[in-house]
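Quick one: this structure, given as structure tokens, is what I'll be asking you about.
By written order: A, B, C and D. Residues from 1 in each chain.
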Amino acid sequence: MINKIVGSMAEAVADLKDGASIMISGFGDAGAPAELIEAVIAHGATDLTIISNNAGAGEVGIAALMKANRVRKVICSFPRQAASHHFDARYRAGEVELELVPQGNLAARIEAAGAGLGAIFTPTGFGTLLAEGKETREIDGRNYVLEYPIHADFALVKARAADRWGNLVYRKVARNFGPIMAMAAKTTIVQVSEIVELGDLDPEAIVTPGIFVNRVVLNSAAATA
Amino acid sequence: MINKIVGSMAEAVADLKDGASIMISGFGDAGAPAELIEAVIAHGATDLTIISNNAGAGEVGIAALMKANRVRKVICSFPRQAASHHFDARYRAGEVELELVPQGNLAARIEAAGAGLGAIFTPTGFGTLLAEGKETREIDGRNYVLEYPIHADFALVKARAADRWGNLVYRKVARNFGPIMAMAAKTTIVQVSEIVELGDLDPEAIVTPGIFVNRVVLNSAAATA
Amino acid sequence: MQRMDRTALAARVARDIPEGAYVNLGIGAPTMVGNFLPRDKDIFLQSENGLLGMGPAPAEAEIDWELINAGKQPVTILAGGAYFHHGDSFAMMRGGHIDICVLGAFQVSVHGDLANWHTGAPDAIPAVGGAMDLAIGARQVFVMMDLLTKTGESKLVANCTYPLTGLACVSRVYTDLAVFDVGPQGARVVEMVDGLDLDKLRELTGVDLELA
Amino acid sequence: MQRMDRTALAARVARDIPEGAYVNLGIGAPTMVGNFLPRDKDIFLQSENGLLGMGPAPAEAEIDWELINAGKQPVTILAGGAYFHHGDSFAMMRGGHIDICVLGAFQVSVHGDLANWHTGAPDAIPAVGGAMDLAIGARQVFVMMDLLTKTGESKLVANCTYPLTGLACVSRVYTDLAVFDVGPQGARVVEMVDGLDLDKLRELTGVDLELA
């Protein structure tokens, strides 16, 4: 019997290594796997590359990783925001490298990794600073930039519910990067607020089939969501 | 008030032109919009390019288009099958051109069109006859073929249910190419066996949001499915 | 001459959005356009974080922090709305499925180049979000901005000096003093506030202008 | 020497599929492998037409022609199964998420090249389906075939003469007479039917062979 449900957040991230690349779902707080990130901090892994839309705000989640100085590099679209002070400080001190990627290219490059493409020609960013030095090509009268897939060792994802095979459904806009990150990482770890029996999720409405999920952990503190 | 529901199959395809490119959903009969194809035959448009997984089998659907000699070119992955005699005859007579595409490249090229990518490097087909003459590149130690998006003037799709904004849900494996074709065509026309009120479809479970759908028509003959 | 305030400008932009349009409203001032869309018409608001059919702000008691817009403000979903992931959301933009997006700007060139993500200041921490995807993806890009900076320089320019967001992507610029069409032919004045004339506008902007 | 029939061969392949594997079974003989997978273990069958968690054939009364496998035969879905569209289905393959696929073949080279889609006959109408995607996408590609053609030629070859499906993609070849590992080091014999020895097998195939 295959049961992808593990007993604790700590167990879920136990095999993290220093230097790992980690995708983290979320758009702001919605969909951010805060409890898994806490477990990463407790685990102690450092020199991490974080791939996420933001670089953390406030004091929890990615911001806490920043504060603990565990991050070597951030690949994201929107690092600077209200309360991104922990990232800002590390960045200004030269302690964290930033690869700034337009949000849609971030999504498309993550999708390309999940789908096994070698590279994609995307129109986004052509002629801008963010395409400097990159290969470009005119195709059918339009200009494109060649962008490469973003793979990761781990994806940390927040979903609403899962079964023991790792099938996932999400909640409202907390879905955001979860489904595409789950496809792009070697090991996908998901925190959910509900575990359901096999067959309880409508096969027509499963958003992430279990093939893309390695471990599921119940966030027992989830009062809402 | 926006209401994408049209009154008849004939009305749904009324603006077809000779020479149009048409994506047609379905994998075998599952998901094939047989009644919309009948309307295309009745409409009379000819010199069509058909993009579909198959090139028709038996006497209805794409096979009937073949029989009526309306098709100039087929882009598909699996033309030859039991009962593909109408395609076989046209092909052997030199009356229809065939662009044979591996099924996953067909899907990926349709997705690229829907997502606005200019081209993709795919590993499928590298070193085979189907990549002859195509640009290739080694990326991170793996070989890829450059493939271009497949756009179409129309997509004919079969779904299970729709609302007046064109939101769609499908049924079992009849889903297949429908969602990606809906995204890749200038005009997407969908036949469904049920029309529901706005709000009746669960927003978490809508597979094709209405933004990708132009017209919906009820297949009133749909006893099942 | 009577400048339009932000509210009036949002209402002005809203008047150009037809029923049936799929629309993305950028964060900041463009979000206000939503308040002026006619409630009796079906206009579809897309939010880049995975929502189509976005409704107005909820009552305090109904706030759900997993139902927010791209500016991270609480919103609602209309009957007929749908959720989707980020890949599909940006496919909507990049694939040309969004009819109109409304963005703010630091500068717009008379040919439609857009600069709205980075001041170019050496100590600035840049952030781009979805601006570049929207700029080149939406069929029509509307910009909403003050015509002049606080120090009186025109933000409608012959050539952008700030780092670009997208090339030749803006079609219309709504400002507090005038509305312009921009594009290959240069800038055309669609309308001006009372008390302003073409010569005065040329003087304020320093760019070639014709009436539309 | 006792050739394995198709049924025995399917059972043999099934023994090498571990619990937890995500598996795609090609159309034709490979589909039979599903009949020999242990029912008490969770092995996940993917069907390229948009189904994961495929179950056995239904009773006659339960047949649903919108629940079919890639060979267009009626199947069932297990509790815990999921439907998805063709884009996601082939992302599963191409993206390396399928652990094992089992395919038939016209020829396999000792280095793992696969030819299984086209005889190369000038009058043949070619069809490729998902074979090329599976060949290069699955982490392990198992081939299931007779070792010899009806006229006695080996289908395990030094170099394929039929048009290729994929290069260096096959890891293991299950035949009626022997099981081979193929790859960069050439072909290694994993097992043979009773009454066969390495010399005889070298003679039958005409290729370099070593014991694994």
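Quick notes
Here, a contact is a pair of C-beta atoms (placed from the backbone, for glycine too) under 8 Å apart; a residue touches a chain by one contact, two chains touch by 3 or more.
This is a predicted model, so every value here is computed, not measured.
Of the two chain pairs examined here, A-D and B-D, the one linked by more C-beta pairs in contact is B-D. Summarising the inter-chain layout, the chain whose CA centre lies farthest from the centre of chain D is C. Per-chain CA centroids place chain B at a distance of 35 Å from chain C.
Rounded to whole angstrom units, the spacing between the C-alpha centres of chain C and chain D is 54. Rounded to a whole number, the gap between the C-alpha centres of chain B and chain D is 29 angstrom. Residue positions of chain D touching 2 or more other chains: 77, 83-84, 87, 90, 93-94, 137.
Residues of chain B found to touch two or more other chains are 108, 111, 115-117, 122-123, 170-172, 204, 207. Taken pairwise by the contact criterion, the protein chains fit none of the simple patterns, being neither a path, a ring, a star nor fully connected. All chain pairs that touch, listed by label, are A-B, A-C, A-D, B-C, B-D.
Across the interface of their complex, chain C is touched by residues 27-31, 53, 77-81, 87-88, 91-92, 98, 100-105, 107-108, 110-111, 122-130, 143, 170-180, 207, 225 of chain A. Across the complex, chain D meets chain B through its residues 47-51, 64-68, 70, 72, 77, 83-87, 89-90, 93-94, 118, 123-133, 136-137, 163-167.
Every residue of chain B that touches chain A in the complex is listed here, in rising order: 108, 112, 115-123, 137, 139-140, 142, 144, 148, 169-172, 202, 204-205, 207.
Residue ranges of chain C in contact with chain B, taken from their complex: 19-20, 22, 41-42, 44, 46, 52-53, 77, 79-84, 87-88, 90-98, 137. Taken together, the chain B residues at the contact with chain C in this complex read 1-2, 111, 113-117, 163-165, 167, 183-184, 198-199, 201, 203-204, 206, 209-212.
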